[in-house]
Structures are given as C-alpha cells and as structure tokens.
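Pasting the structures here.
Here come two complexes built around chain A, the first alongside chain B, the second alongside chain C.
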Partner chain A sequence: MLGLIDYAIFSLCIVGIYGLLSLALNIQWGMTGLFNIGIGAFFAIGGYTSGILTSPETTAHVGGFGMPIPVGLLAAMVLSAAIGLLVGLVTLNLRADYLAIATIGIAEIIRLILQNEGWLTGGVRGMANIPRPFEQITGGQFEWAFLVMLIVIIGVVFLALEAARTSAWGRVLRAVRENEPTALASGKDATRFRLEAFVVGCAIMGLAGALYAHLFSFISPEAFEPMLATFLVWVMLIAGGSGNNKGALLGALVIWAIWSGTQILTGYLPAELATRAGALRIILIGVLLIVLLVTRPEGMLSEESDRRRDRRREEREDLKD
Partner chain B sequence: MIDFLQLTIYGIVLGSIISLGAVGLSLIYGILRFPHFAHGDLFTLGAYMAFVVVVFFNVPVLVALPFGVALTALVAVAIDQTVYRRLRKVKPVILLIASVGIALILRSVIQLVWGSGNRVYEAGIQMPHLWMGLRIQNDHLIIVGGTILLVIALHLFLQKTKVGKAMRAMSDNSDLAQVTGIDVNRIIIWTWIIGGGLAAVAGIFLAMDTRLHPVMGWRLLLPVFAAAILGGIGRPYGAIAGGIIIGLVQEYSTPFLSPAYKPAIAFALMILVLIVRPTGIFVGRKV
Partner chain C sequence: MIEVRDIVKRFGGLVAVDHCSLTIEQGKVTGLIGPNGAGKTTLFNIIAGFLPPTSGQILLDGEDVTGLPTFKLFHKGLVRTFQIPHELPLMTVLENLMLVPEGQSGENLLNAWLRPGKARSDERRVRERAEEVLEMLEMTHVRHHLAGNLSGGQKKLLEIGRTMMTEPRVVLLDEPGAGVNRTLMGKLSEVIRKLNQEKGYTFCIIEHDMDLIAELCDPVICMAQGKVLAQGTMADIRGNEAVLEAYFGGGAARVVESSA
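Entry: the complex of A and B
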C-alpha cells in the first residue's frame, strides 16, 4: 500500500514537471503563437546545467561543483533563456515557420552534443549522483517534500502567467498573434514582444529540466528522449486548451494519465511484441493529437472561455465605478 | 587535393539525396503554405516500402524502386486527403503541428513493423572503382545519375505540362491561380504525388548509400529544410542547388569537425542565410 502511495507521489511529481513545460509552451504558442519544437532541447539544457553545477566532484564529466540546488535551478533558467534569446534574435522577425525549423535545429544540435561530448555531459553513460533536495532532512523519503516544492513553484509560475495574460503585456502578445499589422500600427514592437514571450518560456522549460534532473538524480540522452518529451507537451497543451493556463495544467494531467495508461495496456501484449510496445504507444498518442486537431482544436478548456470570464469581470468592475 | 576531390564526390552524392527531398518540400511549402515536418519520415517510408519488395520478390533494389515510390506517393496522398485536407481552412501552423504528429506516427509504425534495428537491401561490401586515385562506388553513380534524370523529368513536367504550369502558378500566387479556374484539390494531389515520390527515391538512395533505420529520414530533415530555405522557399530549382551546396559543405566539414556534427553545419548555414538573405539565394517566397 505504501509502495502505491509512493508511486502516486512520484507520478504526481512527473505530472508537475510536464505541467511546467505545458505552461511554458502556453506562453510561447498559446499566447503568442510561437512554434517551438525544441522543448526537449531547453529541457535538456536546464537538466544538464543544474546537474553539472550541483553534483559532487567527479571525473566522469566537467564540473561536479557541488553547488546548492537553488543555484543550479537559477543557472538552468538563465542558460536556457540565453540560448532562447539567441535563437529568437535570429528567427523571430521572420515567418513563424522559420522559428519552428530553427528550434528543430537546436534540438538536433543539443542531442548531438549530449551524445558526443562526453567530457561535458558524460555522453551516452549520462550524468549520475545529481543531488536530491531535502534528502537529508527527510531521511531518503524526499518525494513528499519535492512534491510540495513543485506545487509551490507551479503555483508561482501559474499566478505569474495568469497576471501576465490579463495584463496589457498579455493583450499585446495576443494582438501580435492574431493580427500583427494592427499591433504594429498601434506602435507595438512585435518582434520584441515575441522575443520576451519566447525567452520567458525557454527559462521555464530550463527550470523544468533542472527539476527533472534533481527528481531522478540521473540524466542521460536516452532518459530525455527529447522528441518524445516535446511531442507529449504539445499534445498536452492542445488537449488542455492552448491559450488557457488552467487548460495547460489539466492537459498535462490528463495526457500523462493516458500515456501511463497505454503503458499498462501494452503490458498485456505478448512478450515478443513487448519490445515494440513503445512505438505502439506513440502511435496512439499521435492519433489522439490528429483527432483533437480535427475535432476539437480549442481543447478541453478553451482560451475563449477564459476571455469571456475576464470580460464579464471587467464589465462588473466598470458598473461599480 | 585528392582528399578534397573525394569529399566532393561524397558531397555530390549526399547533395543529390538532399536535393530530391528539398524539391518536394519546397513544392509542398510553396503550394500548401506549410513546412511539412513529416517529409523526412516519407523518406524512411519509401526506403522500407522498397525493402518489402526486395525481400518478398527477391529482386534488386532498382527494380523495387518504382514500387516503393508508387506506394509512398499513395500514402502521402492518403494522409493529405484524410488529415491535412480537413485542416486547410484553419491557420497553416495547425497543419505544421499535424505534420509533426504524422511524422511520429509514420516512424512508430515503421518501428512497430520492422523493429528499430539496422537493415540493408543486400548484404556484403561493394568494391569501389578506383579512378585516378578516387574511390567511386556503383551506387554513387546510380544515385547521382538517377537524380539528374529525375531533375530533368521534373523540369519538363513543370515547364511543359498543364498540371506542372498550374503548380507553378499556385506556388507563385494562389489566389490568382484559383481565379483562372485551376482545380485546387487536383493540383494539391499532384503535389503530394511528386513530393512523396521524390522523397521515396531520396530515402531509397539514402538506404543504398547507408542503411535502413526508422529515424534515417528524420535525421536528414534538418539538412533538407536548410536546402529548401537556401534555395528560396517555393523554388524547385533553388532547392536542387541548395541541396548540392548543403551536401558539399557537410562533407567538406568532416576533416575539421567530427562527422557526427554534419547536421549542425547544415543548420549553421541555414541560420546564416536566414540572417543575411532570408529569401534564399534564388529569391523565393517573401518572409
């Protein structure tokens, strides 16, 4: 019984990390219409940055600087944001498609670096002994404390993004997404707003990667499977409702449940097919994405429902005045 | 010097394969207005379709090639008519997401059926011809020769036939083309037949040069995009030139940089073009 609870707690931690990624993608895609298919890359940058800085001294890869975990998390966000800034500066004043292609490039290059630069990342052997938070205080049972910490982080990010969404800044992002010429005509520097949204999203993705590294204590190119992670986050956001922060979190929960559910289902497959079960699970999720796009592109919680509520609240406030 | 010439040969072979993919990608981009992210996986599909024919009927790969091409073109049209067609009314970027989904589905189906190991059309090592100190394999001659023939055929198709002219018109100005009474869906189907067919040839050539693997096409997607952008989106001739340039630069980089980073070179070149000349070398669609 206790094992089951532990499993549930650990699963919720993973859902939380996906939730952060989904929120990050929501500010890029949902609010601003920026297509990022390199989520896995920024996730990996965050994970490895924090891993290098916080793990104890080692000869397996560079660093092992034994720094405190908060320093690792912060550095992960800064480096992911910096790389996001570089990518954004080059591509964000071009068509949306070019950003998508550029982020694929970043994802590929990061994947190649992870695999080939053993001195930096431990190569295919990965990076081990990344410290877990609260391990000393809780005596090995750190998952509870981790989950609480994660909920606090998600809460802060969520409230910040909600504030951003209803602020003037958020309105400009939507304007840039829906009708760039109009936004330009009202004197808004569209490229700059896009860049800001993109960099904020990348920083959150880096944070999620760092948290993942500290949760598992081990990262490797295999464990990351960047394309799969990227794809799952996209399905989560679209299923939940792009443009809607609550939807982003709900989507993470529901899609992760389905994704894990398929693992249980494929567990019943005969042994000779079991090795290919992973492919079958991806097909199922892929088909789900296509069906969603065709039948319910706005997702479970649509952006419009949130906007309607906002408008009603604004009207009420107007009446009061 | 001889090393340089040898790399040039490898570069032209790789460039031919990239070109075949980039032409299709560029046509699809020009006519349907979205970057088709599943294009690399159409390469893979074509290679495996030909593999099935090779294994079942025990024929050489060149005999299997037309079947692989036909089957892949059929699948490409089927995907378009069942999925992409329903999404044409919405923003093109939704098509982009759908194509990422299709890419993963195609790759996973291939993995499901054939497993994730390497496969080859025929076992054994080809002895290269030695010519003035250069090593040239038979397959290399087939790949480059085949690409030249296909490019000539494509040129004649685009310049001489009604469908080809309509395709160019749609790519240049879709609204104007529709006003002249072009049947849009018919042209789109033709675009997928040609794009999918060329992708299949590219995949089969790639598998002849290397091996069959479920992610072989996906790994080439970045260079193919780089070639299409280099040549100017919607410009088939530019895409061919872009492909050869990308292939050459990737091979020339190998003495200086680990060959693993070849795609990074293509990416760097693409970023450079996007900064300096976003319309591509042969002015393509405006950005």
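Entry: the complex of A and C
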C-alpha cells in the first residue's frame, strides 16, 4: 500500500514536470503559433546545466561545483533562455513548417553534442549523483517535499503565464498568431514579440529539465529523446487544449496517465509480447493524437472556453460601471 | 506629405509598378484609381513597407523611408488598411481595436508582471478609446463578438476603426468600399470626411467605386500598367482620353466623344 502511494507521488512529480513543459509549449505554440519541435533540447540544456553546477566533485564530467539547487534551477532557466534567444534570432523569421524543421534539427544537434561530448556531460554513461532536494531533512523520503515544491513552482509559473496571457502583451501574441500583417500594420514588431514568447518558453523548459535532473538524480541523453521529451509534450498540449494554460496541465496529467498506465499493463504480458508492446504504446499515443485532432481539435479545455470566461467577466464589469 | 519618386517594382519578368512618381498632399483626400492590375495595391504595399521596391524612393515629410518595415512606419504616423479585411477572427471586435494604440505599458512583459497597476490603467484608457471608436462606427452592440463573425461590411468598418485607434497623419485605404452596400458606403464616406475635416487625417484611397471617389477625393490619380496616367479633379479624369482608353480600350475615347 505504502509502495503504491510512493509510486503515485513520484508519478505526480513527473506529471508536474511534464506540466511545466506543456505550459512552456503553450506560450510558444498555443499563444504565439511557434512550431517548436525541439522541446527536448531546452529540457536537456536545463537538466545538464543544473546537474553540472550542483553535483558534487567528480571526474566523470565537467563541473561538480556542488552549488545549491536553487542556483542550478536559476542557471538552467538563464542558459536555456540564452540558447533559445540565439536559436530564435536565427529561426524565428521562418514560417511555421520551416521553423519546425529548423527546431527539430537544432534539437538533434544539441542532443548529439550532449551524447558525444563526454568531458562535458558524461556522454552516454550519463550524469549521476545529482543532488535531490530535501533529502537530508526528510531522511531519504524526499518525494513528498519535492511534490510540494513542484506544486508551488507550477503555481507561480501558471499565474505568471495567465497574467501574460490576459495582458496587452498576450493580445499582441494572439494577433501575431492570427494575422501577422495586421499586427505589423498596427505597429507591432512581430519578430520581437515572437522572440520574447520563444525565450520565455525555453526558460520554462530549462526549469523543467533541471527539476527532472534533481528528481531522478541521474540524467542521460536517452531521457531527452524526441519521443519522450518532445512528442509526448505536444500530445499533452493538444489533448489538453492548445492556448489554455489549465488545459496544458490537464493534458499532461491525462496523457501521462495513459502513457504510464499502458506501461504497467505491458508488465503483465509475456516477455516476448512485452517488447513489442513498447512500440504499440507509441502507436497508441499517435492514434490518440489523430482521433483527438479529428474529433476535438480544440482539446479538452479549449482556448475559446477560457476566452469566453474572460469576456463574461469583462461584460459583468461593464454592467457595474 | 508622401512623395513617391520613380518607384519600380518587378516580380520576375512582370513590371507591376513602372517608374511611378506621385504626391499625396497633406490634408487632402487623394483618390487612386485605375483598371485591375494597374499596380495600385502594389504601390500601396511599397509605400506601407510591406514590399521593398526594386528601385525608387518613398519620402514621408521629406524623410527617406524607403524599405522601412511597416511597424516602424506606423510609428511615424502612416497607417494602412487592407483590400481584403484583415481582422483578427478569433479575437473580439473590442480586442481588435485595443491591439492598436502604441506605447501600452502592458505590451512589455515585465510591466505586465511587475507593474500590473500601470498596465491595468493603460488597459482602461485603451478600452475607453476603443469604445469611442465603436460608437462612432455604430458598432457598440457587436463589441464582444468575434471579429470573424462580422459581416463583410462590418469588417470593412473595423479596418477603418483600427486606423482611428491611433493618431495617424496619413491613412492608406485599400478599397474601403468594395463589397459594401450603399447604406454602409454612405456611412463610410461620412466617417472618412469627418476624420479628414475634423481630425486633419490625410487620406489616400484606392477605390473602384467612382461615386465614392467623386464624392470624397480631390485630387484623383489614375494609374495604368504601373504608371501614372493622369491626375486632377474627378471631372478632369472623366474627360481624359488616356484614362478612357485604359479602362475601355479600343478607341473608347472616340466613341464617348462622338456619342456626347
């Protein structure tokens, strides 16, 4: 029983990290229409940055500076944002599908660098001994505390993104997404706004990566493969409701439940079937994505429903005046 | 106010605008007419910074603004509308207008996060301005509707409304009357006249509806095949042989003359 609760808490921590990724993608794709399929790269940069800065002294890779975890988290955000800025400067004048191709290419380049530059990252052997927060205080049972910390972080990020969404800034992003010439003809520097949205999203992806590293205490390039680190996040956002921050979080929860639920089920299969089932799970997620796009393209919680609520609130305020 | 100097625009082998020079004078409503494919919209796109010219210059109040991006020209007081309404379909009418004003503090993400009070008060100010514009356009009742659901005519009005959300010095209207019914057309020209006379906006209007042009515009410039063909009052233009030839071809001028 206790094992089950531990498992649930650990799973919720993973859901929370995916929730952050999904929120980050939402500001890029949902609000601004930036087709970023290089999520894994920024996720990885965050993880490795915090790992290098906070892990104890080692010869396995560069760093081992033993810095406090909050410093690692912050540095992860800053470095992911900085690399996002560079990538953005080069690619953001590309239109939708070209941006997608450019980001997937850059993501693979970054992943391969992390995999092959062993002096920097530990290469394929990965990076171990990344400190876990609250480990001493909780006597090894750190997951509870981690989950609480994660919920607080998600809460802050969520509120910040909601404030951004409902601000004049968010309005310009939507305008850029819906009709760029109109945004330009309204005096808005579309490229600047796209770049800002991209960088903010990358910073949050970096934060998620750092949290992932501190949760598992170990990272390797495999953790940042496109399937897990990019594709799954896209499915989460689309399922939850692109453009809707609550939807982004709900999508992370539901899709992770399906993803990890099917993993448990395959555990009961005979060995030879179990290996094939792994591929089937990926197919299942793909089919689910297609079904969603056909039957409910706006996702479980649509952007429109959120905007309608905003408008109703506005109309109520009209009446009060 | 705006001086177009010897502008050429080539698309591959096609010369859309061919050594075109003209002036849009301060305080006037200039009409730009010409048969389809004369290069009017291309010229507009060049003036408004949507397209770079192949050669030539655009001067705004004597300053060379050739090739400046659209959003920068906007801040210099040059605003345009689109031939096909470019509303933001999934945003409300109010939001479509509230997008426009410059210098909104909430457009800076850090202000939106750290100075919500200032952002909110700016938002209220912009909102009030939008409400005024909607009242002037008699569109207050649809302010919370999604712009994509508006009728064609209302979308046209929204295009003009957008220019009213700022303090433009010169407004380029690309076919404001196309696909608009007569009643709405009357309202449209009334709004344009009012903005011109009361607020001193300079207008340049591309239009195929000659009644609207005759009513509003002086001078009128006629383009054909990328060149300026004639310029003058509407009456001058009506009697101009080259213009008749361009519109009707095949010695039309002679036919008109003989029938008169």
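One rule holds in what follows: the second predicted complex is superposed on the first by the 319 of 321 C-alpha atoms of A that agree within 3 Å, B and C clash if a C-alpha of one lies under 4 Å from a C-alpha of the other, contacts with A are read in each partner's own complex, and residues count from 1 in each chain.
Keep in mind that, in the parts below, a contact is a pair of C-beta atoms (placed from the backbone, for glycine too) under 8 Å apart; a residue touches a chain by one contact, two chains touch by 3 or more.
Just so you know, these numbers come straight off a predicted model, no measurement behind them.
Asker: Putting chain B and chain C onto chain A via the overlay, clash or fit?
Answerer: After superposition on chain A, which the two structures share, chain B sits beside chain C with no clash.
Asker: Among the partners chain B and chain C, which is in contact with a greater number of residues of chain A?
Answerer: The larger set of chain A residues in touch belongs to B.
Asker: Going by the contact rule set out at the top, does A:Thr182 touch chain B (first), chain C (second), both, or neither?
Answerer: It touches chain C, and chain B stays clear.
Asker: Once the shared chain is lined up, is A:Trp234 touching chain B (first), chain C (second), both, or neither of them?
Answerer: In the superposition, A:Trp234 contacts chain B only.
Asker: In the overlaid three-chain picture, which partner chain does A:Glu222 touch, first (chain B) or second (chain C), both, or neither?
Answerer: Touch partners of A:Glu222: none, neither chain B nor chain C.
Asker: Between chain B (first) and chain C (second), which does A:Asp6 come into contact with in this model arrangement: first, second, both, or neither?
Answerer: After superposition on chain A, A:Asp6 lies in contact with neither partner.
Asker: For the combined overlay, can you note the least CA distance between chain B and chain C, rounded to whole Å?
Answerer: Between chain B and chain C, the shortest C-alpha distance works out to 11 Å.
Asker: Do chain B and chain C land on any of the same chain A residues, and which?
Answerer: None.
Asker: Inside the complex, what are the residues of chain B that reach chain A?
Answerer: By the definition above, chain B touches chain A via 34-35, 37, 83, 86-87, 90, 92-94, 96-98, 100-102, 104-105, 107-109, 111-112, 115-116, 219, 221-222, 225, 229, 258, 260-261, 263-264, 267, 270-271, 274-275, 278, 287.
Asker: Could you list, by residue number, the parts of chain A that touch chain C in their complex?
Answerer: 160, 163-164, 167-172, 174-175, 178-179, 181-190, 196, 200, 304, 307, 311, 314-315
Asker: Which positions of chain C touch chain A when the two form their complex?
Answerer: Of all residues in chain C, those touching chain A are 48, 50, 69-71, 74-75, 79-82, 86-92, 95, 98-100, 102, 104-109, 112-113, 116, 119, 122-123, 126, 144, 162, 166.
Asker: Could you list, by residue number, the parts of chain A that touch chain B in their complex?
Answerer: Residue list for chain A touching chain B: 33, 35, 37, 90-91, 94-98, 100-102, 104-105, 108-109, 112, 115-116, 227, 231, 234, 238, 275-276, 278-280, 282-283, 285-287, 289-290, 293-294, 297.
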